[in-house]
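Once you scroll down, you'll see the structures, which are given as structure tokens.
Two complexes are shown next, each including chain A; its partner changes from chain B in the first to chain C in the second.
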Partner chain A sequence: MMSKQLAFYVDSQKCIGCFSCAMACKNMYHPEPGVKWRQVYPLSEDIYPHHERAFYSLACNHCEHPTCLECCPVGAYTKREDGIVVHDQDKCIGCGNCVRSCPYGAPQYNPKLKKAEKCSMCWERIDAKLEPACVQACPVKALRIIDLSEFDDAEALHYPPGFPRFESLNPSVRFKLPRHPHVVRRNG
Partner chain B sequence: MNDANYSLVLFTVLAQGSVGMIVTSYLCFRLAGRGEMPHVRREWIMAGVLLLAGLTASLFHIGHPFGAAAALTHGATSWLSREVIAVCLFGALTAYTIVAMRKSLPASLMLGTAILGVVSLVVSGAAYAPPSLPALNNASPIALFLLTAASIGLASKSFFGPKDDDGFVAQWLIFVLIASIAVRIILPSVWSSGGAVMMKTGQAWFASPVFWLHIVLLAAPIPFLLKSKALKPWMFVAVLAAELLGRLTFFVGTAATYQNIGHLF
Partner chain C sequence: MEKERKLMNSSLLNEMSRRSFVKLLTAGGAAAMLHGGLLTPKAFAGPAKTAGGCKAFHSACQRNCYDTCAMLSYVDDGVLKYVEGDKQSTFTNGGLCVKGYSYPRRVYSPDRIKYPMKQIGRGTGNWKRISWEEAIDSICDKILSIKKEDGHLLGLALDKNSGSEGITNCAVIQGLFTGLGYTTRFEGSNCWPAGYDAQYFDFGDMVCNDPEDLANAGYIILWGVNPAWTSIHTMKFIYAAKERGAKVVCIDPVLTQTAAKCDEYLAPKMGTDGALALGMARHILDLGLADRGWVADNALGFPEFEQYLREKVTVQWAAEETGIPAETIARIAEEFAKAKPATVWIGYGLQRHTNGGRAVRSIDALVAMTGNVGKKGGGARYGQEFTWDFEYWPKSKMSPPAGSIGFVNPAKQKPGEPTVYSNRSLNRNQAAREMRKADPKIRMLWVSCSNPMSQYPNRNEMEKMYRGLDMLVVVDQFFTQTAELADIVLPTTTQFEEWQVNVSYWHYWLAINEQCIEPLFEAKPNTVISALVSKRMNELSPGSCTYQQDLTPKECMIRNFNDTIHKLNGISSWEDLLKGPVKAKRNPVSWAEGKFKTPSGKYEFLSAKAAEYGHPALPEYHSRRPNHDKFVVLTPHTKFGLHSQFINLDWMRDFNPEPCVYINPNSARSKNIVSGDMVRVYNKFGEVAVKAQVTDNVPEDTLLMYEAWFKNEKFNVQNVLDDAVADMGAYQFGGHRGPAIQEQFANVEKM
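The block that comes next holds the complex of A and B.
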């Protein structure tokens, strides 16, 4: 049986692109200007060709086999038993190798501290049985935390269009695709 | 497209140039059967100085350089750690060989250093092939680094080699420069017909004036070498400048997957 692996569930059908999740993350951790632990990506018209827009709200995917953990030359990354990948800034020497290596752009370089940093899935809040700041702040419940060892949703996608496919890393995130809008036509 | 990481440009090119100089020096010493002691030692000292300059430059890309020694600790999974270990071992063995050369030329020690240099270069190539850069997430960094080492190493003979070696070295330099240009044109051409991120990389390389200037500088010595087979110091300068500009394109112009999220791949 698969061991516990917490993951973000991104419901693009509900997401309205309001950036509340990204703002909540900013308010919680006060990263330097330009440093974004969570980003809201609009889908291009090639993927979602409608007047309405659709979005993926993404942060660190806490991969099963994280590149950041493997490539860090000082072992600043660890993976907890619940699957959360944690970065230890005290160990970080700011080489930027994780920033360059992660295909999802999760680790970010903090120019003031001269160290890397990334989404921690608010593990302190998780340990206190609270939701991460981004999940709590979402006004339409488009973000939630799931445990992949128990998650069973045939409609959930692992690699939707517009999201890089890296099976060797196995990113811990699942998606619900945006609904195509109803087109109402007048007869005649 | 990406930030110009000048310290990594300097580190990689100078360290690879150092490996190239040592391998070329050893091969000329063994295959051509020449190489008097003073000039070979001078060559190795110059290679050591290049490596030291490269290692010093590498410290400037680290936010906290005084913690650099900690990068030796995670060799189990990190190619960057392995690179640091391999380059440091190569540097230490180079220094030891230079000291040993005071009495006579230690052929087996020179061979061991040259092999370790090539190993460090391959490891370095793996460290610059992360999954975020699909165009480079393969053996192409190793191929590019080997060509950099070979071109700088051979061109450096214009300063050191006995003139008798010029024809032999010039032939190889012509071959390596042509191969370098071919690989550097073919790689972005292949990328340009690949997936979205690889295509962006190919287009960015071809659209960069720095990329074309590096090709011109690589090509510059070829007609002179074909005509006279004589190595000139300006050729080393041209090749070194070409490699630095080429490496700048390598770091600046290579697109990453995270820059394309939300678009088709």
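The block that comes next holds the complex of A and C.
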């Protein structure tokens, strides 16, 4: 049996692109202005036809094989038993290897502290049996935490259109695609 | 809940406090201020929920918003660390929005107004820090000189708006002004007057079903409303209805985020909503689907309405007027009439039109004739105010100083009787026009909880009028475009720095807002500012102000409670709210008993009251005003702000970096515009320079810019909006009709 791996489930069918998740993260961790641990990305119009009307809310994917952990020269990254990839800023020397090597852009460079930082999946909150700040913030339950060792939804997507496919990393995130409304445009 | 808080305090927060607030201080430039001792946290003797670590306080969001969230604020060592939604409110349910979560930054923003400031040369930016004493002295001297020179205070005006909806902020500044004498007030509402009047004509009151009851609907039309952006906490109830099989339809000239989440989206021409509703009503008649039993028992004037529909309305006519194909109108009408219960959420956007009140009456009629009024999961939902029965203390209990001279209303003054004085009331929706014609002239203006330069139409004319004042006083937290024109700005507190109590005009919850941190810098609550003015006025001229000089914000909040509020909410005292928000003990279904508050006691398709105010007695259609320029301009809400609030914060700008104008691909092509081009949106009133974004979310004849105030940007949608007013609003808003700000026109060209 696969070992425990916590993951984000991103339901773009429910997501209203309200950015509450992204700001809830700032509210909790107060990153420097310009530093975003979570971002809400609009889908391009070749994926969803209506401009800025469907989104993927993304942060660190807490990969099975995290490249940040592999490339860090000082062992600032650890992977917990529940799969969360944790960055220890006290150990970080700010070399930028992780920032450059993560294809999902999860580690962010903090120009004030001259160190990296990233989404922690609010492991302190998870240990306290609370939801991560972003998950609690979602007004429509479009963002959830799942355990991939138990997750069993054949319709969930791992690499939906617009989300880069890096199978060697095996990002811990699953998706549901947005739907289209029936649109009645006007005449004249 | 309590357990959760304790867990938070034991583990996470110690970690948080170590890393995040130090960073916050560095980031905000607030560290420098620490040296001056201004941010040094003082011990606050509030009712702490937990011992040690972070303390949780009950807060309430003060913004002019459907959702009016019950919040929890976590404070450590006198510093606000983070906020979250209160799960005790089933409406807020633990989450805030992108704006609410930015509060920690709003409170500690380096851009807060920190001290009273005086501007040497209006609009020059040459600001000088002054003491509170000097500021209040200058203000009181000016008020007394106006009184001495004019013999009255009608030259002194107040613009208090919806920037804070805390109950004391709805009563304090007006109280101060009443205490000074008879003054000039900018009144009316920029928001909802036309639809508000419409509901009063039809129902005799405005009461919506509990929004949580949307989950019970079998069919939902979201008409001119975009809750995915402006009421995100209602979306879960709409989704719940969908999951139970309800169909959700969105009607809007713009393909909004809400439209994208619905089953079906209709895009009628701007300002034709009334025709669409009447076309649907006619088809329902033709199909024999009107609920004749309900109408016979509960309504007045249905035969006349039916006759009007049969003589003047066809589905084909509605199709031509709205641009929506006749077969679609017929299909949606049939679905709506057959689904039980069916409901419409009537947005405020569709009534900000020269025919907006009539449009709301037409939609009300559609809901009523299908028997959906007074039903669980039904209703014509617009808003409610039954949760707002506070004392409005002190404004409601005060009188001007004896012997004050004021405005004499010729319509109300009877010959031979003693002169009756009152305040002079001007329509804020036409503020510039009203100021220009005001006689006696307005010499001094006090602006509180308001940013007219960002929110009122005809901005260029507004600026001219403001520049002509002897003195402009602005009370705010940030240097808004209005503050930029002030002579004196006074820093005021956020909700975290004062006591408040809040209710919504949508949901049924009541929440207290405890003070959880000391006021930052030299900011003061409006209660305290008003008391300072009153004290100084009386020192300079005994008896010149009747406002209580020692009123504290908390005492003021407490005095706003009364038996009506206690009974409605099932509490015995305001202190019960310290345990958490409560919901009004009231039937979640409005009009369930069928006792309407109209003159007839029935639902009135035919309203004599409407006729008395110069409207047709029936909800007859009237075309909107014609275009005065090439494109329709829409300037609705952005999800990143509440009117001009929040958009200026650097945290917000990380997600919403700059303003833009949205333009349809066909129009863009004809104007040689591509996404990213700088363009000029212009008309005879002014212009806006802004980046273009090309999208077919907007129709070909439409330009869309979100109203906003970005720090260090001139962007202002009001430059191109005129002060046309809606058809209705005069009935319930003291003669002041609502704004027609979604019925505006301009052209565009590449720069």
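Just so we're on the same page, the second predicted complex is superposed on the first by the 180 of 188 C-alpha atoms of A that agree within 3 Å, B and C clash if a C-alpha of one lies under 4 Å from a C-alpha of the other, contacts with A are read in each partner's own complex, and residues count from 1 in each chain.
Note that contacts are C-beta pairs under 8 Å (C-beta built on N, C-alpha and C of every residue); 3 or more make two chains touch, one makes a residue touch a chain.
The model shown is predicted, which means the values in this text are computed figures rather than measured ones.
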{"item": "Chain C versus chain B on the shared chain A, clash or fit after superposition", "value": "fit"}
{"item": "Contacts of A:H51 with chain B and chain C, given as first, second, both or neither", "value": "second"}
{"item": "Contacts of A:V183 with chain B and chain C, given as first, second, both or neither", "value": "second"}
{"item": "More chain A residues in contact - chain B or chain C", "value": "C"}
{"item": "Superposition-derived minimum Cα distance between chain C and chain B (Å)", "value": "15"}
{"item": "Overlap of chain C and chain B interfaces on chain A (superposed complexes)", "value": "113"}
{"item": "For the chain A and chain B complex, residues of the former touching the latter", "value": "41-44, 46-47, 56, 58, 67, 69-75, 91-97, 100-105, 109, 113-115, 161-166, 168-169"}
{"item": "Of all residues in chain A, those that touch chain C in their complex", "value": "14, 16-20, 22-24, 26-34, 36, 39-40, 50-54, 89, 112-113, 122, 124-125, 127-130, 133, 136-141, 178, 180-188"}
{"item": "Complex contacts: residues of chain B adjacent to chain A", "value": "61-65, 67-68, 70-74, 77-81, 84, 127, 130-133, 256-265"}
{"item": "Residues of chain C defined as touching chain A within the complex", "value": "4, 7-8, 10-12, 15-16, 19-21, 23-24, 26-27, 82-85, 93-105, 228-229, 232-233, 235-236, 239, 250, 255, 257-269, 319, 322-325, 328, 639-640, 650-655, 693, 695-697, 699"}
